[in-house]
Amino acid sequence: MKARIGIIGTGWVGTSVAFSTLLAGHARELWLYDQRTAVAEGEALDMTDGAAFYPRCAVSAVPLAQMREADIVVLAAGRNGRPDESRLDLLRDNARIAAGMGRALAGFGGIVIVVTNPVDVLTRVVAAAAGLPPERVIGTGTLLDTARLRERLALHLNVSPNSVHAQVVGEHGDSSVVLWSGASVGGVALRDWPGWPADEEPTVAGHVRRAAYDVIQRKGATNHAIGLVATELIGAIVNDERRILPVSRVQDGACGIRGVALSLPALVGAGGAVQVLEPAMDAAERAALAASAAVLERAFATLAG
Amino acid sequence: MKARIGIIGTGWVGTSVAFSTLLAGHARELWLYDQRTAVAEGEALDMTDGAAFYPRCAVSAVPLAQMREADIVVLAAGRNGRPDESRLDLLRDNARIAAGMGRALAGFGGIVIVVTNPVDVLTRVVAAAAGLPPERVIGTGTLLDTARLRERLALHLNVSPNSVHAQVVGEHGDSSVVLWSGASVGGVALRDWPGWPADEEPTVAGHVRRAAYDVIQRKGATNHAIGLVATELIGAIVNDERRILPVSRVQDGACGIRGVALSLPALVGAGGAVQVLEPAMDAAERAALAASAAVLERAFATLAG
Amino acid sequence: MKARIGIIGTGWVGTSVAFSTLLAGHARELWLYDQRTAVAEGEALDMTDGAAFYPRCAVSAVPLAQMREADIVVLAAGRNGRPDESRLDLLRDNARIAAGMGRALAGFGGIVIVVTNPVDVLTRVVAAAAGLPPERVIGTGTLLDTARLRERLALHLNVSPNSVHAQVVGEHGDSSVVLWSGASVGGVALRDWPGWPADEEPTVAGHVRRAAYDVIQRKGATNHAIGLVATELIGAIVNDERRILPVSRVQDGACGIRGVALSLPALVGAGGAVQVLEPAMDAAERAALAASAAVLERAFATLAG
Amino acid sequence: MKARIGIIGTGWVGTSVAFSTLLAGHARELWLYDQRTAVAEGEALDMTDGAAFYPRCAVSAVPLAQMREADIVVLAAGRNGRPDESRLDLLRDNARIAAGMGRALAGFGGIVIVVTNPVDVLTRVVAAAAGLPPERVIGTGTLLDTARLRERLALHLNVSPNSVHAQVVGEHGDSSVVLWSGASVGGVALRDWPGWPADEEPTVAGHVRRAAYDVIQRKGATNHAIGLVATELIGAIVNDERRILPVSRVQDGACGIRGVALSLPALVGAGGAVQVLEPAMDAAERAALAASAAVLERAFATLAG
């Protein structure tokens, strides 16, 4: 069932989510909102001009209030960090925006996808402010990190990324956790792959963690990959695919984590991230996941202060 | 046959052409070049991060010289007009860039697609500087205007844009010519369509002509629609589709026009815009086309001055 | 909005419609029924085995009664003619089946697509038996003939079939009418196309009319093209595309025809073939269309006898 | 790079491979051959009639000798077993055909995909008769069984088949081996999946093994799923995807098997099944694979007798 999909924030990221969603044919109606009203309007006009080249979908700029009528709302409003400020300043500002959006979506009947950073803390903020159940407020979380990891492993091993099965869990950020122990390639454990240099795992993990910085440093933002990733998530919901994807949501006990929002593999379908799974982890990974949860708990706590 | 496709200029437009081409699966290798080297690199990294979500294609930033090895090169480098300058200043600056790129492509064996504005004059500039035959230097021309026209008519008549057959020819710009006399909707002449208000045709033509301004005024650039349009053109070449599309090329006699580059319907396949067709036109349309050719001839002449 | 789509009759044709629909991603649920229950079951199992390779859709064999719950029902049950029988015998037999299905669909809330031959007479039979409004009982009619015509013209002119605009109207059968006078190629009237041999038009029309016989003589049935054609029609309905397609329905006055079902260009969207258009025709075409309507009127009358 | 793809044998299976390949857009030219020349011609005509609905590709019936010019040749000629004959009779007959085709392809520069049953023995027969290196003669092998297994597990667990990672190796037939020990669902080992009934594994394996019989009993043949599976394999080759897929080829030492053709996960790209991988197996699986190899060795040996 094609959906009415709303995008809040039509900067680099929101626009890319909108465009990829359009081409994927997931939307019957695509609604754009930004505080810079003219920009949202301009994006809608520009996309509409290309209507002959994507599956039928009406694109328009709408007032914020209309988002409540959508089936899926993507939150991409907010800003990137500035060199001269602390991470905390960014968190405070974006959390304020996210909380406002959450309140505006109180009683919303659909699914919220949070993209704005820090995505895990904001997923929790939105869920709380909107009063929505945890499965219906999903952060893109480590889905992007996982795509990057699979691509890098694919290049390294010279195989298709489709044949690489590996996941990143925890925070989308510095404390993210690559689940090396369970990674496999075409049915072969990665660590059994002929010539796999296990001692380089920290280096690869570092590259994945630094990928956003590498792109932002060069072009000022990241948008294409996150747009495609969010579109994949939207597709899983719209088509009720029940795919298992590492996404962020407020956890309620899986892997011993409760209350914090972070990424674990979850079954995603029409009802959202309805079931969280406990992936196999070795002791180090388990400890790293707990540490990541603690980082996120502390960050959230600063908001209350 | 999937192609090696090069994009020169990775600003708003070049990046959108690159991304849409990637999703359409036309490229086996996608090469990006910009004088802002870091931006081209950043775009390549960002797109590569999403590799799991589009058909296999290697994306990379390359030096300008490598473009000569491509099958298709898209020229999207240059700048948009500034409010405080004459149209001529823009023409001079972009023509200088285009001529340089043309010289760099002398002896090139593939197809050049020109997008930079003013697209018609620059198509002629590139063809001359590169010494390539007219069918192998194609400007996107009125393909974008045609898409916009069909979309607007579709909205007006409440039918699919796929059922609207109407073309814009001549300059991509103020002197463009809508071929109302030959427009049809699902096999019915537009002017026979129940309730079609023929007296509003100038208004609709005006909207189409002003569409870019409407978008630029709101978001500062246009990119999505032109990206999709260029991708359609690339697809027609890569798959040797022999589709008839209104595109710009140096004309050699069709409709009495010779030497000037402007858009007329042309058969586009692996060899480029290999055959130009003479669409049915009434007297007014014929005169308007001649006037458009004269405008373009004068603009080109100013470059010599 | 993806649909629940039912197929009645899983022989050559029904199975091809099912499979193409599956790959196109139009169906959320695909229901198969045939009096040969085991065949419908086998097809459903076989398609389900390939589920990893098409967009999510549940395929199953169902009882006839369940078809009433579908959004679209395709009628492909019946048989092909035998060499040793009169055309009338076939008509009688298939009309009996179609009437039965029509009665089974009385009060149906969706759209019926009739494919079984003779498709025009049966479209009328089904509409009458089901008591459905004319726009909701659509025969594939000359949509297939039109596809064949465009393909043959495309080969003849060495251009893409996408650039050929030409239609066949009237009966899907011996009295079909090619609208040569309005045919165009990339905006150029076909009869103005350099080198178009207008004296060969009857030959081309004959080839199109004989196309089914040519295929049946070689492989015993036709299925791929009709499967793709029906899928296109389904897509126009499911996505409410409002495309204009030459399809059969009981006419209520367009081109002076009333009561008979035959093909004219019609606007097809979620509500069915909701608006019939009157294409430009020269005198000969107009006469041929009237003759075609008379043929179909007589055929229908024999059923009453 | 789109390819010239040849299909030998246009019965149920060959035709489905052809049609799915056409829709997937992998072929630039599609060549059909069958000893029933008229059938191959009829299929080509029927597919060509639908050309407006799939990516540009020329379909034609060709003489056998032309297959040597193809990039990929699919061997689907031969027959299904008859109730009244021994399995050996079928093997003898189809092996004779396969050997003939192999000899006809001596010195062939492309890739052969074998589908005719018994697929593993015939893969070996073709490789020997054609004198081609093992990586360039690929049997679809357990790729179909693997698709069936994933689909059944997906239904059982109510998750997307895309999230199920499990493989069948060994013979495509009664001695096939499901690698339960390495199966996983979204990163969770299947045997750790909440509620997975490990004692039902033999039942599920039996269903997968019997799937072809279940379909054939109902509709007389299987074609849709094998058509899609072969198309996936073709795509991996055409686009040089380097995907890891369980396919059959003459083994040269992986898992201790040499000389016999059977399925193991292999890296498939433009050069064929270029690298065979050794999946993790427990002792029972290892023994079952050895037994499967022995079955195939004996079957091949009977041909010499």
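Going in written order, the chains are labelled A, B, C and D, and every chain counts its residues from 1.
Here is the rule we use: a contact is a pair of C-beta atoms (placed from the backbone, for glycine too) under 8 Å apart; a residue touches a chain by one contact, two chains touch by 3 or more.
Just so it is clear, the structure is predicted and the values come from calculations on it, not from any experiment.
Novice: Which contact partners do chain A and chain B have in common?
Specialist: Neighbours common to chain A and chain B are C, D.
Novice: Looking at CA centres, what chain is most distant from chain B?
Specialist: D
Novice: Would you mind working out whether chain B and chain D touch using mostly the same residue numbers, over half shared, or mostly different ones?
Specialist: Result for this pair: same.
Novice: Decide which interface, A-C or C-D, involves more C-beta pairs in contact, and give its chain pair.
Specialist: C-D
Novice: Where the CA atoms of chain C average out and where those of chain D average out, how many Å apart are those spots?
Specialist: 35
Novice: Determine the centre-to-centre distance between chain A and chain C, using the mean Cα coordinates as centres, and give it in whole Å.
Specialist: Centres of chain A and chain C (C-alpha means) sit 45 Å apart.
Novice: What are the residue numbers in chain B that touch two or more other chains?
Specialist: Those would be 56, 160, 162, 241.
Novice: Along chain A, where are the residues that touch chain C in the complex?
Specialist: Result: residues 1-2, 25, 28, 55-56, 239-241 of chain A touch chain C.
Novice: Considering the complex alone, what residue numbers of chain C touch chain B?
Specialist: 158-160, 162-163, 165, 167, 179, 182, 184-189, 192, 236, 241-246, 265, 267, 277-280
Novice: Considering only the defined contacts, which chain C positions touch chain D in the complex?
Specialist: Of all residues in chain C, those touching chain D are 19-20, 23, 38-39, 41-43, 45-54, 56, 144, 147-148, 150-151, 154, 160-162, 211, 214-220, 222-225, 227-229, 231-232.
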